[in-house]
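Structures for review follow.
Below, chain A partners chain B and then partners chain C, in two separate complexes.
Our next item is the complex of A and B:
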């Protein structure tokens, strides 16, 4: 707000004081939100690190097991058996609110299945395959957890960034400008009062 | 109607001739000393080695469609199929019947693959890439089956296989039914059920030992996964050598540690299982490989007793399969980055 656009009136001063008060409380609230989001972010980050490392080790294990299954049974056999698995895991996407930020909540079902519900026969297959399927089911579960946490982290980061910008804008631009305008109006009003006093004295004289 | 090889009448009934041919074929198998050398090679070197062996023609034929490890695996499978089909072609009469009944395993495997592929919605080409025409169905028979839709396939095959009432939702059940049917048919052959000669007795013992191994594997997996007792009983194959149906039923539905403890009272524990089974074992792969090794060593041991019978032919069938499995284990193991120790423990030499 440029100083020259300000009307140095009492009503403008009252309006500005209200704005400064509002901006101050908004600034305080946004700072609290930012701090809260950062706390939440670090908590999630800690969980994300754990599940990420779990995901990495689950992926390595899954690769190892499928490699072993391919070596023992043959890739052709594994491909043939994989044809039998048509059912995909059921994933439900919901959302939850973390300090005003909407983050996803992913619920999965039918990822882990019993030996008899996997879609392939038992007599004609081997435990290499069972173990490969088992670790891949665990891998899918981990991927779902990581997807939930990492998306939440991304959304929190975006919101932290946005809130930080708002806090900074209020702290370093909006509030200083309003304060300056308030000071200007106060000075101008004082000046006008002095001019009035002087004019009255001159008329009296 | 599908053509069956035994109608071709090209083979011989003479075991002397057949066994001489099989001995010649067996001499071309890779000797044991080659495997440690193969284990030190990279995949490209193994491919080159394979190209200089019996698999050359298969590698040359498939080189335009596949490369690397896939080329080796498909060449091995093709060679195995051609070898088994050669056995069917050169045999006739009893030997042909026994070989073709034994190799029916591949037909069951191919039927399962086709039904799985159809359920998944795979293309005909994708399904045909996964079949191995090592049984009575030749590649052209399989191509003809793949081109049909599921009701036509089940209708056509239900004359010879238990596929009545097939539905895709119950594919796993029908897979078990087909596998069980294969072993039941095998154990119902006269030479297995009521062996009259010594060679038939050995053949019968080989087949029934395989049934025992299969049942043991099913019991181990079911106990580990906690499968319901009734479902396990449905999957057990009757006609084993040392484990009859009553013994098997007693072993079903037990928690894993109780199951392994109970096994001590049964055959195979002392001679084999005691060294590979523990109550708290995490993986069953070692047990399965151990049982496979036991069965192959048993077959190899008995094959020397009757040189002019079905027994050395069976030994060749198993040795050929074992060679293919060993080479694939090394190549795929290398590709997957498995340690030499793991690969070596999975080889049956």
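Our next item is the complex of A and C:
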């Protein structure tokens, strides 16, 4: 708001004071929201670091095991065994609210199964294949956890950034401008009052 | 909802063994239309891809994958995902907390 656009009237001053009060309380609330979001973020960060490193090592292990299984059984045999598997991992995507930020919550059906529950015959297959299936089941479980945590972290970070911008805009732009305008009106009103007093004195004299 | 994987033969084969039905074997030419198709699939909750394959996609699609909530996209292999998240943390919080 440019100073030249301000009308130096009492009603404008009252309006400005209301705006400053509102901006001040908004600033305070947003600061609290930002701090709360950062606290939530810190809680998730530690978990995110752990699950990501676990996922990376599980992926490396899974690659090794599938390579080995492919060498022993052959790609066609592995594909045919994959068709024999009974259960498909299902997930339910829900959402939860963290300080106004909607983050996903993933519920999944059991991914890991016992050897006998998998659906393929254990007599005609090697232990390499069983190991490959086992590590891939573990990998899928980790992927589900990582999906939940990393999405939550990304959404929290987006909101932290947005809130930080708002807090900064209020603190360094909106409130100082309003305060400056308030001071300008107060000075102008005082000046007008002095002019009036002087005019009255001259008329009396 | 289900999981889906997009990638080269070896990548999808392992997920098939874990019971994932929606696996799409792709080449460099077919990867983009397949990703677009899976993003439109209402039944896919999580999409798993390899980092190297994702880097072949156009920038706009990569950022769409990055921002997608349903399906959630998880990239595995390589350290690029960690790097992206690290940059995001630096940008939002102002400090590199991913150490």
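As a convention for this text, the second predicted complex is superposed on the first by the 201 of 205 C-alpha atoms of A that agree within 3 Å, B and C clash if a C-alpha of one lies under 4 Å from a C-alpha of the other, contacts with A are read in each partner's own complex, and residues count from 1 in each chain.
Following the convention adopted for this analysis, a contact is a pair of C-beta atoms (placed from the backbone, for glycine too) under 8 Å apart; a residue touches a chain by one contact, two chains touch by 3 or more.
The shown structure was predicted, so the numbers you read here are calculated from the model rather than taken from an experiment.
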item	value
Fit or clash - chain C, chain B, common chain A	fit
Which of chain B and chain C A:55 touches, first, second, both or neither	second
Partner contacting more residues of chain A (chain B vs chain C)	C
Which superposed partner A:67 touches (first chain B, second chain C, both, neither)	both
Contacts of A:131 with chain B and chain C, given as first, second, both or neither	first
First, second, both or neither for A:31, with chain B first and chain C second	neither
Which superposed partner A:188 touches (first chain B, second chain C, both, neither)	neither
A:154 touches, of chain B and chain C: first, second, both or neither?	second
Which superposed partner A:123 touches (first chain B, second chain C, both, neither)	first
From chain A, separation angle of chain B and chain C (C-alpha centres, steps of 10 degrees)	30
Touching partner for A:111 - first (chain B), second (chain C), both, neither	second
Partner chain(s) touched by A:80 [first = chain B, second = chain C, both, neither]	first
CA minimum distance (chain B, chain C), superposed complexes, angstrom	8
Contact residues common to both interfaces of chain A (with chain B and with chain C)	63, 66-67, 70, 75, 79, 81-82, 85-86
Chain B partner contacts - residues on chain A that touch it in the complex	63-64, 66-68, 70-72, 74-77, 79-86, 114-124, 126-128, 130-131
Of all residues in chain A, those that touch chain C in their complex	38, 41-42, 45, 48-49, 52, 55-56, 59, 62-63, 65-67, 70, 75, 78-79, 81-82, 85-93, 104, 106, 111, 129, 132-133, 136-137, 139-140, 143-144, 146-148, 150-151, 153-155, 157-158, 160-161, 164
Contact set on chain C toward chain A in their complex	1-3, 9-10, 13-21, 45-46, 48, 66, 69-70, 72, 74, 76-77, 79, 81-82, 85, 88-89, 91-93, 97-98
Residues of chain B defined as touching chain A within the complex	69-70, 73-74, 77, 108-109, 112-113, 116-117, 119-122, 127, 129-130, 132, 171-176, 178-180, 214, 217-218, 220-222, 224-228, 231, 235, 237, 283-285, 287-289, 325, 328-329, 331-333, 335-338, 342-343, 346
